[in-house]
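Note that the chains are named A, B, C and D in the order they appear, and that numbering of residues resets to 1 at the start of each chain.
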Amino acid sequence: MALLEVKDLEKRFGGLKAISGLSFSVEKGIIFSIIGPNGAGKTTLFNLLTNIYAPSSGAIFFKGKEITKLPPFKIARLGISRTFQNLQVFLNMSVIENVMVGCHLRSKSGLLASALRLPSVIKEEKMVRQMAYEALEFCGLPQYASRPAGGLPYGILKKLEVARSLASRPELLLMDEPAAGLNDTETAELCQLIKRICDSGVTVLLVEHNMSLVMEISQKVLVLNYGKLLAEGSPEEIQKNPEVIAAYLGEG
Amino acid sequence: MRFCKNLFAILAILSLIGLFGNHQAMAKDTLKIGSFLAVTGPASFLGDPELKTLQMYIEEINANGGVDGHKIEFVHYDTKGKAKEAKNFVNRLIKKDKVDVIIGGTTSGNSLAVIDIVQKAEVPFISLAGSIKIVEPVKKWVFKTPHTDKMAAEKIFTDMKKRGIKKVALITGNGGFDKSGRAQCLALAPEYGIEIVADEKYDNADTDMTTQLTKIRATDAQAIVNFGFGKAPAIVAKNIKQLGIKLPVYESHGVASKKFIELAGDAANGIRLPAAALIVADQLPADDPQKKVLLSYKKKFEEKYGPVSTFGGHAYDALFITVDAVKRAGTIDRAKIRDEIEKTKGFVGTGGIFNMSPTDHLGLSLDAFKMIEIENGNWKLLY
Amino acid sequence: MDQLLQFLISGLTVGSIYALVALGFSIIYNASDVVNFAQGEFVMIGAMSAIFLIKAGVSYPVAAILAILITAAVGLALDKFAIEPAKNATVVSTIIITIGASIFLRGAALLIWGKEIYGLPPFTTNDPIKIGSATILPQNLWVMLGTGVTVFAVKYFFDHTKMGKAILACSFNKKAAYLVGINVRRMLLVSYGLSAALGAAAGLLVTPITFMSYNAGVMLGLKGFCAAILGGMGNSMGAVLGGILLGIVETVGAGFISSGYKDAIAFFVIMLVLFFKPSGILGKGETERV
Amino acid sequence: MKRLSGFVLFSAICLILPLLFPDNYYVTVVGLTIFINIILAVSLNLLMGYAGQISLGHAAFFGLGAYSSAILTIKYGLNPWIAMLTGAAFVAGLSYVLSRPILKLKGHYLAMATLGLGIIVHIFFVQADELTGGPDGISGLPSLSIMGMAIDSDLKWYWVLCSCMLLSVLFSLNIADSRAGRALSAVHGSEIAAQMMGIDTAMVKSHIFVFSALMASFAGSLFAHQQDFVSPESFSFFFSIELVTMVVLGGLGSTFGAVIGAFILSILPEVLIVFEDFEVLIFGAILMVIMIFLPEGLFVALKNKVAAFVAKRQEEGVDGPS
């Protein structure tokens, strides 16, 4: 059974079809990339998968369970996490706190217990901090732990978002253009990071513009054009596909 | 060196002043009068003349050597009409300023809020607010000088009875004065054989009351009574005229200032209201015992500040009831002052002739209110 | 039912007053996303200046023009000395600055003009006009006319003039507006001046009906704010619609349900509207890009 | 214990003051108002500063708590503590029911809805004469007693209110530094990202709304008993605005910011009394000047300045206090 399955997905904004008739499935344990020219509907697809936009029709299944109409936080609880194209780091918190938010699902103390700071809360706090620190180490950011997120450079914030998502121990991680705005060294680091994430058993769904990155790390690539599936296959197959080449050339 | 000399001189002068001051104080303790008034805020037109009156007369008393040699020290705070502030300030007057007598509490809400404090601290308090609840039931340390809302309602209903009016529409604001007046009207109406056929309300900041008056127009009311103060009654008067309602209109003593006539313009003509004799002082018969007091107060106030209102008069009454009590007590002991205030008899004030007793801490009879009609933009004394 | 006609007319009267104040909120909001809590004070300053100029012997029309100019100057000063120096402030901090400004202006008005309530004579003779069984005062028609003219002028200004469009651009994206050569500072200054002038005009129109005192701006400002939100913040047509709707809900609620709870009914209706239309009647919903 | 060092210092100051000045007007009279305002500002800061949800109707819950205590003790003869809890339960229920629809709104629209709520409640206090006593309010509340000891002097009230205030500050500090607090900050930072971290944002907002309302309700009950009097104007729209001002003035999102903001806004009118008619003007001017020059709020600005100063000294190689 595929980890993620999308069936006949469609999204209309007014008269415009941002996504139409899209079906595909993602196997467990791979890096699955979605590419396509600007405006092809990649981010929209992510927003549909996480129900930030409600689909006009179609269905989405995760581990065989339909998640089409679940609110985003319930989707997250099932084991899907994501990063954002426009950074959504909590700038009002420190780096470690950001990642600790990621541990939300792995801890449980409520408002009242927190206000009273019951012993269970103190214990859990310690544990959560430890988990967050591990996620930071995984992403190579431990030295920034106590820095306020507000003043950090873009590249660090991008990694921070990844660390935050990982802290929730997802089974499926959606990454929306993680390499955008990064320089070559940072991109190379990112490449390694994504591989390590996949190696740790997390399935990665990647939207990315950087072709060499995509071709290097993906097991499977899906090409979107005008909201429709243009091609799907291994990186090699995609690179040879004439329709894909035409679409990219056509875009200029 | 020079600096030192100067310093020495200054010190010497200061110590002389100090000695002089001490000497005076040794002669007789100052009488500390504390006051908390709504000088700003929605009730400022009540509190402002009250403060001016107190300041003017205390200055005069001190210039004439004080009360039996006691100079008056006056402390006052502006509550902005807020009960919470009133409580804080009364606490401040008692605990920080340690006053001997408190005069103030412009609005009923402010006065009612502090009753427990003055009762507990045992400080004589003369309220300048209308509600009858302030002195009924009687509280040992609490007195008041203004006519009550109950008296106003009684005066209005008496006049209606004379004119044969049996069905009345009420329209009142949402302030403490308005609401308390409304409650008195509702409670007293049956006694006078009057039926309240409409009971409309407005917010004191409203810009238009035609809706409420339209509803009143649709009833079989024979007269309209409005309890309110500030700009709202003037808007009511104008709206009544706009809607072409021809019924007799009664206002309360809350509009007994020239401002109302100025704002309402010709819509004010024909409106009747109960009010203290002050605003019609010159129309009183020459043998009226109040006439002299009223004219003198009016003259003094108007020379200094402009048009007089009855509200400042309440402060005048409270101040001189206190002064008389201190004179009779011959001391500034709080308890003795209180006893003497309670014994006030035949005191001719601006609000009427006060005869207090252990069961009546106001001491005014219904005659203290005059029935007045507005005619050609002026007050006309009816009876 | 013939009461209803009077209720609606009264609602329209009150509503156009709210609408005029709401328009002022819209302009500053359009330029800077800030709700200017001193808007009600602009209304008060406009009216009080006119009242005292007339008392000083200036003729009515001249006093009116001077009052508008004085208030506009106050608006400019507010921007120049309070809003501009706080350029790094968040929207919430800026709103608190305007609250401070409203208190300051009220305090100043208290010192200059005292606590008395004043009126202004109506613009024209003020004999009630009969419409069926209902009546309306000519001054109410003036208010409605004033509201109508202003809303179209404001709409024209934002839709068709370069400056109006530039102000709108500032609200959408300050940086982008700056990059395309718009003087963001000046646009803010203009919007404060304009909004103040509009407030003053509102003050002149409503004082003959409802009188004015140093603290009367507060309630007018509050109701104007409600009207602006109800209609959809930043939308001038919405401001007018919100104002009139608020007025009518108040009068109809007072007429048929309870005059004591009239304002509660109005606020309840506003809340209901917002629950179903979370960005006001004509407001555009914001979509977040992620 | 570094986490609470500020709190310990603050508690020490509060506890020593009445020992030094047991009969000082500012300590035992004004102090009580300040404590109530601190509880309110701290509770509002939970909602506004932490969760980023503005409320212009906080005074409503304060008032409902106060009126519940007044009505239940006087008209129904309930024990003050039971009345207080009943009032709190009522406020919790009401705020829970209202929280979902209200907190769906954002920004100015949220401000409007909370403002409406505050005004409706206030109108109810004024108009429902039979129950609430109308504009004159209700007076003569019984005094609270703790284990048989009646709280009947200003100094006793100082201890009671001071402990409650310190407790609320402690709660707020604890929440800031916990899973729940981080969830609130996440909602403030980005609702979508918070949702993707598995946070039920609607629930989080609703919970903090109820919690904050509950704190306000308790503050209201205490206030009612301390003043032994309630009247509508203490709970008007203006007071809601004042509370927001306290929170922003001190520094949004900081517990001690709320404390400082509440302190300043409560003490300022007392100090400015001497200016009489100029009081309003000066008050407005001070408010403006603080916000213009320290837009992030007094306490937060000060904290940042100290932090920057320390960082600079360390950079220069001078040993800063660590």
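To be clear about the criterion, a contact is a pair of C-beta atoms (placed from the backbone, for glycine too) under 8 Å apart; a residue touches a chain by one contact, two chains touch by 3 or more.
Remember, predicted model here, so these are calculated numbers, not experimental data.
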Topological distance between chain A and chain B, in contact steps: 2
Centroid comparison with chain C (C-alpha atoms), farthest chain: A
Inter-centroid spacing, chain D versus chain C (mean Cα positions, whole Å): 31
Whole-Å separation of chain centres (CA-atom averages), chain A against chain D: 40
Geometric centre distance via CA averages, chain C-chain B, whole Å: 36
In chain A, residues with contacts to at least two other chains: 52, 84, 88
Residues of chain D engaged with two or more neighbouring chains: 127, 192-193, 277, 279-280
Chain C, residues touching no fewer than two other chains: 110, 260, 263, 290
Touching residues on chain A, where the partner in the complex is chain D: 50, 52, 71-73, 76-77, 81-82, 84, 88-93, 97, 100-102, 104-105, 107-112, 114-117, 121, 124-125, 128, 164-165, 168
Chain B residues touching chain D - in the complex, by the definition given at the top: 40, 77-78, 81-84, 87-88, 91-92, 95-96, 108-109, 112-113, 115-116, 131, 133, 174-176, 179-180, 183, 201
Residue ranges of chain D in contact with chain B within the complex: 23, 25, 29-30, 33, 126-127, 129, 134-137, 139-140, 227-229, 231, 233-234, 273, 276-277, 279-280
Parts of chain D lying in touch with chain C, wherever the complex brings them together: 54, 101-102, 104-106, 108-109, 111-113, 115-117, 119-120, 123-124, 127, 192-193, 237, 241, 244-245, 248-249, 252, 277-288, 291-293, 295-297
Residue numbers on chain D that touch chain A, as the complex places them: 171-172, 174-175, 177-183, 185-186, 188-190, 192-201, 207-208, 211, 253
